[in-house]
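Each of the next two complexes has chain A plus one more chain, namely chain B in the first and chain C in the second.
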Partner chain A sequence: MNRFTLIWRNLWRKPIRTVFTMLAVLVVFFLFTVLEGLRIALSLSDVGIEAQERLLTSHKVSLIMMLPAAYQSRIARLPGVAAVSHGTWFGGRYQDNPEFAQYPVVAEEYLALNPEIKLSSAQRQAWLANRGGAIVGRPVASQYGWEVGDRVPLRSSIWTRNNGSNVWEFDIEGIFDDTDAGMNAGVVLFHYDYFDEARAFGKGTVGWYVSKGDGSMPIENLMASIDAEFENSPAETKTNTEAAFAQEYAQQFGNIGLIVTLILSAVVFMILLVTGHTMAQSVRERIHEMGVLKTLGFTSGSIFRLTVLEGLLLILPVGILAMALGRAALAFVSGAMGAMFPAGLHVGTQSVVLGLALMLAVSLGSVLPPVIRALKLDIVALLRTA
Partner chain B sequence: MATQLIQLTGVSKNYRKGRETVRVLDGISLGIDKGDFVGLMGPSGSGKTTLLNLLGGLDKPTEGLVEVDGRVISALSPGALAKWRSSNIGFIFQFYNLLPVLTAARNVALPLLLTSLPASRRKQHVNTALQLVGLTERASHYPRELSGGQEQRVAIARAIVSDPPILLCDEPTGDLDRSTADEIMDLLQRLNRDYGKTIVMVTHDPRAASFAHRVLHLDKGELGAPPEETPGAPGGTSP
Partner chain C sequence: MFGWLTQTAALAALNLRSLPRRPGAAAVAMSGIAALTGVFAGVLSMASGFEKTMEGSGQEDVALVLRSGSTAELNSRFSSEQADVIRYAPGIVRDAAGEPRVSSELFWIVNAVGKSSGTEANVALRGIQPAGYALRKGYRLAEGREFTPGRFELIAGRGARNQFAGLEPGQMIRFGKTEWLVTGVFEAGGSVFESELWCDVNVLQSAYQLGSGFQVVRAQVDGAAGRARLEEALDGDQRLAVDVWSEEQFYSEQAEDTTALIRVIGIPISVLMAIGAIFATLNAMYASIAARARELATLRALGFGSLPAALATLLESVALALLGGVLGCAIAWLALNGFQASTLASSFSQVVFNFAVTPDLLAQGVTAALVVGLVGGVFPAVRAAMAPVTVALREL
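What follows is the complex of A and B.
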């Protein structure tokens, strides 16, 4: 018998209540972790440093409106611009799966501007050599089971071919990793020349330009100078960092994400209240026993520590287990739906710390008020309680 | 010559009841010798339990001094008082006050958690205490699995496990039938006679009081008669 035995036995005073409380804690922190993962994925808040330095220029009115291909050379000539390339939304889907990102690009330019795309030199060469070739982000390849050498058909919701078909076939020449886990992580890249030649309309246009400054001027000035270049033209532009663009893009899911987050937060909050109430009730039931312990010579401080430790023991291990399960679930979903969540579903240190803080808050918030109230009473009053 | 262990000098205790101040004890002066067995009787509300609480350092007097073994305990801080209680006082309550989540042995071991004894010595002490109250075979039983008499024996084992010189008993037989009450009183008498424990026992039961060396009567917060004039049944033979 030691003090831990006392804490442990008190914890299991009413086993069914303890088990249900632990289950509630498990559900709360599992949901919390999954929610955090979704929130981060939908907000694209952890895009890498490359995306914060790269500029993205799109049509001022909307991303779906095209820009002339001739803008590339005009942007390239602007002072402060080191490199420029472009991409276009293809809007393809594989079989009956949801639409995901594919861009026709100028291969060498695009790879130079996106150093976070890691592709073996053999696969790079193979892609450059094959006009109908494509490279694929690993999450997409994993989800659809694609391998190098496969020929895959993509059905575009926008672009029809010269022959009237909207099915485009590509040879998978490489599978790349994105070290930034950013916007490129879950895309299919293929050759713009092949695309432009084969599409039935919109020839000579691109969806957006990607550029990078040479560091000679602040990034805000460079953005302003690009947009000024096309002011009062038929296709005015809007330039932003790729990271900011990603945030805007994410806002199309943002409302759904916000609604889901609000509903689940309410659920989490309610379960937390119920859990906290149960824990507080468990402490209140023992006020008389606190009087007995004080009679035996336990100080208020030692009873306080025993009760607080019991509260922590009830919440922390289960909460940590729940967060580990939540992370495992996110990893599983991330693997199974790589195209939908190209940057992956994960929670970072900040979320883990937030989760731990929440556990401490629930634990202490439910235990402290009744125990402090009880210990303020003198022993005689404590012993009088039923 | 007997050594005085407990000395109360002019002890009064007031309680606030709403706006009213109720005087529960009024200028009590009392000496209790080491090895004495004192019965404390009186009608309900006469202040018996309050006096017992003051002796055990559970409460502080409004006026006066409570001295135990030459130390004024009424002047100690709550922390010092708790420490003093753990090594000097064993409490025995009417309703046993065992923790329901602990077995008999663990209940008995509770006061030893406040000592620096190693686990093996603590276990030894617990076994000795349980042996003394005749409950070794019930060591692993929970309070709900014990009879009232057995629960009170466990409570007594808990009270003596850290070998305090004073036992304070508040109606120790109040919840027991006659034969079980006698067993408990025999046990307390043995602790007094064979182990030299000084016992102060609050009781309503004249039969239990007859086990005491002397009986004090408390009425309306005052001791009714000098202890010498209200002797109990020295030697403790059951009536």
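What follows is the complex of A and C.
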């Protein structure tokens, strides 16, 4: 009988207790992983590098106000600007699903500015050739079951067509992957010319400008110079990086996310406390036995190692399994709700490390104090405890 | 024949009286259940608070006219001529002077800085006409004075004033190129309007070059019959393409998206937590029985039956769950009831609301706790009843 057998037998001496402790740990770390994924997605803090370098210029009063299309050439002329394009919120929904992102854009310009949009060149050519064509981010296409060649109707809550209808139809010419998890991840892109001609009002305006610097000046100066260009004009602007814009938008849902996080930390803490207490109790119940082991010649050190290893064995494998299950659940949800979570639901290294640290804290925190206290006693005192 | 009943009572009393002497196990079972009910009540109080604010906003006898197909005021638009056609349509209540009780309004969004977040948020700036005040139930000026028509002045809803910076009466606040004087603070019965800023609609049109049009017409109607007459008249008018809403229905539909999201996230989490709490309770109860195995065996050797032993154990578990449930609810109520928060609603503007830990939620929370206590106690109870007396007595 080697050491491991001893640990294993000890672990299962009260099988019911062990099973329930493991199940509680499974639930807690599953919840922990899922909630971390949600928290990260809701904070929109996970955007990639492209979004940190691109600038977004919107109307200063609020995002709902439109900017003149003529601003494009004025931004393009500013020193330090390498490229500029624009987008507009379309506010469409497919059937009875919730509203998601679609932008009318100038195709070649927009694709050049957003290299994270990976589209095959055949699909790209097809889209450029079709005025009523659109390309779709993969998460949305898979949620709604759209394929290249489909004609899909989108009902806009904002834009009416010349004929008075709110329903716009587009031919899906391409499905793209997005490597940046930014504002293009789950979007429908279609041609601005087609949109501008067909809309009943607001012609000649756009929602926002996207631009990129040529690296000749710091990004802060570039943002200031764009806003200065339109100061005192009828439509003043506010420029920020795309990443900062996304985060500011997420802040608007703000304190709710924070409250949920607080409540749930309290819960995870409490349930871990419960589990920890049970583990500590099972160590205390065994103090007598430690005396027996010592009599048999086990050193304090080896009893210590046996007990600590048993504590880790109880928590870690189940905890890690729970986190894996949590990730699988997140992947499933983001697949089924691609339009809502286009960037997907992920937990990063940080969350995994935090989860592992919690597991270590609960197993060591509950096992160490009683073991250390017990091993300070001599054999006679140990054996005397019932 | 009542033997087992008295036995159960005696054992249960013994169990409960000895609880303070084993505080660890009791506290552990209770705190797990308290966490469960606390979160359950806490998360759902957010949904119920938001719902209460939204649903308290609409009135049955107020009709909302929006451009056909618009599901939010923000997306609606019509010309001043169209607004005039609606104003004098049948079905609308008129005042003593014969003027229709109508307010043609603009619903605009401006950026204000949130006090707690420090970042910009979308706040609704609503342009109203004089009849607009009376169309809101419970409207009351709480501080300062109302805005003067024709001036760049506004009044702030109480919720907006609390959540966003720079909205104290007497302060100037700049939205884009225009600077506004905050003249007062109003209340509107805790409704969504308290999240808004109100100004003169004509001033708003000129401030942001919005033309002479409007986005929404609010009209007092003579109940559902009056609304139906209004709807019929507007449907038949070639100059218009509009939808007529009952204000009550409009706001309850607006509430749905947000509350559905909170519930879709909150309920599965609560269920998972309940499962976690059941395991924790099971463990605590098994431990409590294991610790008292000899005591229980002794009692049974003295003549107490298996059924009373089982029932007493179950009662202990339920009593602990009840205590935990009440504790969790009390914490949720003390910490969260009335807590003010704001979120971006489907109107694309911030809605300020108070968490509402309602009696309903408290009852549901305690019920959930009892279920956990029952499920978590039943197996240990069986164990307590089945353990062979001789073995248990011999155990150390």
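The rule is simple: the second predicted complex is superposed on the first by the 379 of 386 C-alpha atoms of A that agree within 3 Å, B and C clash if a C-alpha of one lies under 4 Å from a C-alpha of the other, contacts with A are read in each partner's own complex, and residues count from 1 in each chain.
Everything that follows uses one rule, which is that a residue touches a chain if its C-beta (ideal position, glycine included) is under 8 Å from a C-beta of that chain, and two chains touch if they have at least 3 such contacts.
All values reported here derive from a predicted model rather than from experimental measurement.
*Asks:* So, does A:Leu63 touch the first partner chain B, the second partner chain C, both, or neither?
*Replies:* Touch status of A:Leu63: second partner only.
*Asks:* In the overlay, answer first, second, both or neither for which of chain B and chain C A:Tyr194 touches.
*Replies:* Neither: A:Tyr194 stays clear of chain B and chain C.
*Asks:* Return first, second, both or neither, reflecting whether A:Ser157 touches chain B, chain C, both chains, or no partner chain.
*Replies:* A:Ser157 sits against chain C, while chain B stays out of touch.
*Asks:* Once the structures are superposed on A, label A:Ile379 by its partner contacts, choosing first (chain B), second (chain C), both or neither.
*Replies:* After superposing on A, A:Ile379 lies in contact with chain B but is clear of chain C.
*Asks:* For the overlaid complexes, name the partner, chain B or chain C, with more touching residues on chain A.
*Replies:* The partner that reaches more residues of chain A in the superposed model: C.
*Asks:* Overlap of the chain B and chain C footprints on chain A, residue-wise?
*Replies:* The overlap between the chain B and chain C interfaces on chain A comprises residues 288.
*Asks:* Residue numbers of chain B touching chain A in their complex, please.
*Replies:* Going by the criterion above, the answer is residues 53, 56, 58-59, 78-79, 82-83, 85-87, 91, 93, 97, 99-102, 105-106, 109-114, 119, 122, 126, 158.
*Asks:* Give every residue of chain C touching chain A within the complex, in rising order.
*Replies:* 24-25, 28-29, 31-32, 34-36, 38-39, 42-43, 46, 67, 69-72, 74-75, 77, 108-111, 114, 116-117, 119-122, 175-177, 208-209, 241, 257, 262, 265, 269, 272-273, 275-277, 279-280, 282-284, 286-287, 290, 341-344, 348, 350, 396
*Asks:* Residue numbers of chain A touching chain C in their complex, please.
*Replies:* Listed in rising order, the residues of chain A that touch chain C are 14, 16-17, 20-21, 23-24, 27-28, 30-31, 35, 38, 59-65, 91, 98, 155, 157-158, 160, 164, 166, 201, 232, 234, 236, 238, 248, 251-256, 259-260, 263-264, 266-267, 270-271, 273-275, 277-278, 281, 285, 288, 386.
*Asks:* Please give the residue numbers of chain A that touch chain B in the complex, ascending.
*Replies:* Listed in rising order, the residues of chain A that touch chain B are 1-3, 5-6, 9-10, 12-13, 288-289, 292-301, 378-380, 383.
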